[in-house]
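All chains are identified by letter, namely A, B, C and D, in their written order; residue positions are counted from 1 within each chain.
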Amino acid sequence: MESLRKFHPQTLRLIALALVLVLTVVFFTSQIDNYFSPRMLNRITSSVAVILPIAIGQAIVVMTRNIDLSVGSLVGIVAYVMGGFIGQHQGINPAVFVVLCMLLGAFCGAINGVLVSYGRVPSIIVTLGTLALFRTYLVEYSEARTITTDSLPKWLVDLPSASVVEFGGFDIRVIVGLAVLAALVAWLALTRLRAARQFYAVGSNPDAAVFASINEARVVLIAFMISGAMAGLAGFIFLAKFGNITVVAGLGFELKSVAAVVVGGVNIFGGSGSIVGVVLGTVLVDVIDNSLIRWAVVSEFWREALLGLLIMLAVTADTLMTRSFGRLRGSQN
Amino acid sequence: SAEGVNMVLLPKFLGILPFDQANRGAEEAHKELGNTGTLQYIGPTPENSVAGQIEMLTTATTQKQAVVMLSNNAGDQIAAAAEAAQAAGTKVVTWDSPIPSGKGESVFVAQVDFGSIGVVMSDMALSLAGGAGEVAVLSATPDAANQNAWIEAMKKTLAEDAKYKDVKLVDVVYGDDQSEKSYNAALALVDKYPNLKVIMAPTTVGIAAAAKAMQDEKLCDKVKVSGLGLPAEMVSYTLNGCAPEFALWSFVDLGYLTYQVSYALATGAIKGDIGDKVKAGRMGEFTIEADPGRAGSKRVLMGPFTVYNKDNVEAASK
Amino acid sequence: MLVRLKSWEGLLVVILAVTIIANAALAPQFLTVQNQINLFQLSIEKIIVATAMTFIIINGEIDLSVASVMGLSACAFGVLVSAGVPGAVAIVLCLLLGLAAGGINAFFITVMKIPSLVVTLAMLIAFRGFARVLLEDRGLGNFPEWFSSLGRNGLIGPIPLSLIIFLMLLIGGALVLHRTGFGRKVFFIGTNAEVARYSGVNIARVKTILFAASGIISALAGLLYAARLASVRGDAAFGFELDIITMVLLGGVSIFGGRGSMLGVLLSILIVLNLRNGMALSNITGHIQTAVIGTLLILSVLGPNLIQMWSERRKAVH
Amino acid sequence: MPAPILELRNISKSFAMTAALSDVTFDVVPGEIHAIVGENGAGKSTLIKIMTGVYQPDGGEILWEGMPVSIRHTQAAQALGIAAIFQEPMVFPDLDVAENIFISHRDRGTFMDWGKLYADADALIKQLGVALDAHRPASGLTLAEQQTVEIARALSLKVKVLIMDEPTASLSAHEVERLLSIARTLKAQGVSVLYISHRLDEIFRVADRVTVLRDGKHISTKPIAAVTHEALVKDMVGRAIDTFAVKTKANPHGDTVLSVKGLVRQGVFSDVSFDLHAGEVLCFAGLVGSRRTDVGLALFGVEPATGGEISVAGKAVRIISPQQAMEQGIAYVSEDRRKLGLAMTLPIFSNISLPSLARFLKAFGWIDRTAERKVAESYRERLSIRSPNTETHVGKLSGGNQQKVMLAKWLETKPRILIFDEPTRGIDVGAKAEVHNIMRALAKEGVAIIAISSDLPEVLALADRVLVMREGRQMGIFDIADCTQESVMALATGQQELAKAS
């Protein structure tokens, strides 16, 4: 147990979370035929790909002691507007298109950010408002048209089945690669980039940030822009994956992303959390969800109840494990 | 006509194509009939659909609107508000989706016979499964009254006609009319039932998401998708064989007919009794009849539907 | 702070007055008694729960599960009554169910020390799931006549039971929050829980009481919802939590706890309801309505902030 | 004298109801230690917040190296070369000590060099003479340790003007020594140091010039050689006062009210044993981090002991929550008023009544607001808390006045045993005497008092007996008659052999 001492409390938390994830997978492997297979891995990874970027952006906002409830509407706007745009500009370079999607997202995120950091309006109020406003813009702008698959370039429609690498039945899809890349960049930035540490500082104690000459407003603004850009990336993946985009695209993603973030151990009151945790949290929620719909024992109508209970169970197990690790660690000095 | 009749078209929610098409049909009829009253197209947001519809029906009653044309999303929860509307002199005509108990409803303008949807879905399943095999249904929400009625009708057809004895309905799942949920649910069906041949989705969101899921996972050869879909959204899947066949009716016509019936009721041209005949402009004459699916309720049957396949889908998607 | 709070409420009074005057001028039906009753009735369950939510947010916590508890209690009532349980017994059982739901929340929050946002987010899913388990794809109605009539008809003159309950909770809540020791503790815990703990306040007890009360009140609201609509479905009260939280926040209650007043929440409720009603009477519905309320929410905080910043800058320049 | 590096001219600043500064003019020259003194609420902290861009002045101008500047935000101050250690230490609880020190530095490259970060932090901490692990998260730090972090942060910046707002308020003699010598070193390097403290002896030891503020007005700026202790106090309060509480003879001690035997908290402190009598003042002395606060927390049930016995008035009791402690008549005045002592956004009267709320309740839990306000008002007068009324929010009071509110809050519980953690932290000379008098008066009424203090002169002035702690262990209990600054320090720093020998 001597080794426990070496770990930071945050790391203990991650170990606990990873254990909970492993237990979940072990349980469902015993329940569902053919569960532990490359195919299932594919299913889960490509399902996670949509929500993961949003969860990462949400995590960064939450770290600064804010919340972004407008992400769902942002995904809708980006998927819809950019879907329409690429319909008109079929020849656009894919990389440029992804960047444009993220820029549109970042622009909308900047609206949130300016209101929060310079207008000094609490983020929950701002983003509750823009949640409605962005969606309204979309409804008015769309005039009830649908973006359809056949208006999109072929590379985009085929993207969800395209792989980066393949080995033994398992392949890493491009959209999964994009989401993982986003996670990797965010993880590196948050652990290696000096400026990024200020997200933690601001969330940990906003008053102290002022006294420590940290430009709190700018840090918060950037957090919201990142969240917007990530929602933009998710909007792109959403567009590629579902092809048919209506004004309801992305509805309800705000609570999903908050759930992934809090299960991933990001402190809802700001200041702490890690991208590894967010990835684990997102995967955990998605594994539970995707396993329940394949579990023959439960009827269709029990699924939601079990999903809620299992999330609660996972969070509780994680909390208890983290606490007892902490106690083991504490009793050694 | 001398006197204007104020009418309200109230869809499940605003912002998607089918309801907009219905509105176009209603506006066409509105102009054609030269109604000097107003035609309002109002509706709630998708996340507030139930409470919103009840609120809007109540407000329309307060406004003393002559008719509210309602595509009901609230089930019987709206019945009380509809009864209050009728009592205050505002007629409630449902279309697309009725009030299950029929309470407070003057008449339901049915797009097609609900029983016949069961037959058409069974037929499509039969042909796509190649005469025998497993079929699963991917529906919207468990609360969607019309979807539930159609699934019931399908189950009934499959059970009663020997023709379908080799077609097995293995599961009914819900995608809540959300793309990602429907997409995942479709893939889960494939994993859960290795011999699955057809996914039948009587919802436009579900069918498109299921087709895309099969296409992305390269399963289109094994599992076919069918159900009720919009040609514009389905055209590529029909052409590439992921969803070779699906059905739908014209929402423009539905809106047009609903307006015609409602106008006739509001102006007193008909009483709304069984046997009353409505002249519906370009669509010809319709008769109010008992609704076979809902005891004690009345309907006007529009019908029929179009089954779309690679021969006609492109033309319809324009 | 007190000055600011007063000015906040002053601002709300102004907004309310403008709303009411505009409504009365633009919509002739606005001032009718029936419309005024409807205005409350249509959102009565939300505003009832808003009184409990005010306590919880001032206490520095949040309860996202309220709408799911409302749905669960409404569905449980439907199932109990259709199983032949007498209505009065069913009501008591449903309230106990709400108490249990609140107790579960409280257990995880106070004993397991998991943040309330996390707990109630998971329970939002779970309680809604149980409602689903109870009703599956059915809708249930046929409640005892007295029950439905309580939900719809006036009890004292035209004033229905639910409105009376709301007023009682509002006044009782205001007195408890602002005049009793319990309310004082709620404020202290919300401002700085550690200070409260070091001052000998039993934080776990206060929180348990709050979440249990929130559970019971939500269950009660669910029953009133069932009575008003005389029918329930698995999606009853779905998504109400965001509307409830919006009303509380617009009332000047700080999401970080420790700040707010029942008067502010009442004003905010009146604003939201009147604004909704006025817009509906002017046929502004759906997303635009939500957007107007969203904008108002932002502007009501942004406006005073900008004025304050501007005057500070001016002071600094001189 | 060289040209001033920083000059303030006719600075005014008022808050909603109070004029915190009116027309203040003074300057700082390179390489001087410039002390600012004044009563609680005189405007010292407000002045430095203006210099660091936290507040914007309502009027007046600031000159930096002779040029008018406007310091719009804290980043602007840092860019000029002004850094401050603020009165209320504010750390980032989720970050560790090293990151806390360097978080806002702009000259450490784009990427984190974690190794260098910890090495640099360790070096700085060592320079301060404090034992503090740079890897520890700041959430577990004592107030003194937080203050250390703040000091390290300010020192690590390349500054031209360093402002210290009561940096020694929670330090013990040992650390104070280090800090003063650092101030002198900085001065030798040409840095100007602005030094605010209520401990006048420190000022006479390090300052070159001293500025007095009173009621937000500039009273005087003089070379230190030109002022005497008495004159300074007279400038501060506007009249001559007797600044030292006359050490009354120890009260006749009554029965043993609290008896502690072998108290342990696993891994924190061990083997603390003492008896406390009615009317007695027992002081806990020790260095920062010697776990005196933890003993207090254990007695108050916040962080319950894991072993040992506590008996109150002869009866063994188990205390695992503050409620239980309060039932036994124990009150604990925390050292950290911002985080643990007061609810800053709530009014004075409700802060005072909170722990004794039960006494203000009528039927149905109804609060007797008249009684509540009357009691608060009586404390406002008795402790001369500077505020327009008791409706004022605590956060708007100056540090010293907040301390008095916290005192009032616990006095109102009418305790049998009163534990004071750093009772006069940040209190001005006049008020300090007042607090000491109050404590002695309480003791006289038969209250048993434990005072945890890092201020040795205070310990010697107050105590009947002194308990010295070091690294979680009780080094001994001494009668005040046997105590000198030197002997206590020797024990606290671990030279006990030496102490015994002498």
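One rule holds in what follows: contacts are C-beta pairs under 8 Å (C-beta built on N, C-alpha and C of every residue); 3 or more make two chains touch, one makes a residue touch a chain.
Predicted, not measured: the structure shown is a model, and the values here were computed from it.
Looking at A-C and C-D, the interface holding more C-beta pairs in contact is that of A-C.
Averaged C-alpha coordinates put the centre of subunit A at 29 Å from the centre of subunit C.
Separating the centre of subunit A from that of subunit D, both taken as means of CA atoms, is a distance of 44 Å.
Distance between chain centres (mean CA atoms), subunit B to subunit C: 34 Å. Touching two or more other chains at once are residues 132, 136-137, 286-287, 290 of subunit C. Among the residues of subunit B, those touching two or more other chains are numbered 14-15, 45, 47, 142.
The set of subunit D residues touching two or more other chains is empty. Taken as a contact graph, the chains fit none of the simple arrangements: neither line, ring, star nor complete graph.
Considering their complex, residues 34, 39-40, 43, 46-47, 50, 135, 138-139, 142-146, 148-150, 157, 160-161, 238, 241-244, 246-249, 251-252, 289-290, 293-294, 296, 300-301 of subunit A touch subunit B.
Those residues of subunit D that touch subunit A in the shared complex are 52, 54, 73-75, 77-78, 84, 86, 90-95, 99, 103-104, 108-112, 137, 153, 266-267. Those residues of subunit A lying in contact with subunit D across their complex are 9, 191-195, 197-198, 200-201, 203-205, 207-215, 267, 271-272, 330-331, 333. Residues 16, 56-59, 300, 302, 321-323, 325-326, 332, 334, 339-347, 350, 354-355, 357-358, 360-361, 364-367, 369, 391, 393, 409 of subunit D touch subunit C in their complex. The touching residues of subunit A, counted against subunit C in their complex, run 115, 119-122, 124-126, 128-133, 135-136, 139-140, 255, 258-259, 262-263, 268-269, 301-309, 311-312, 315-316, 319-320.
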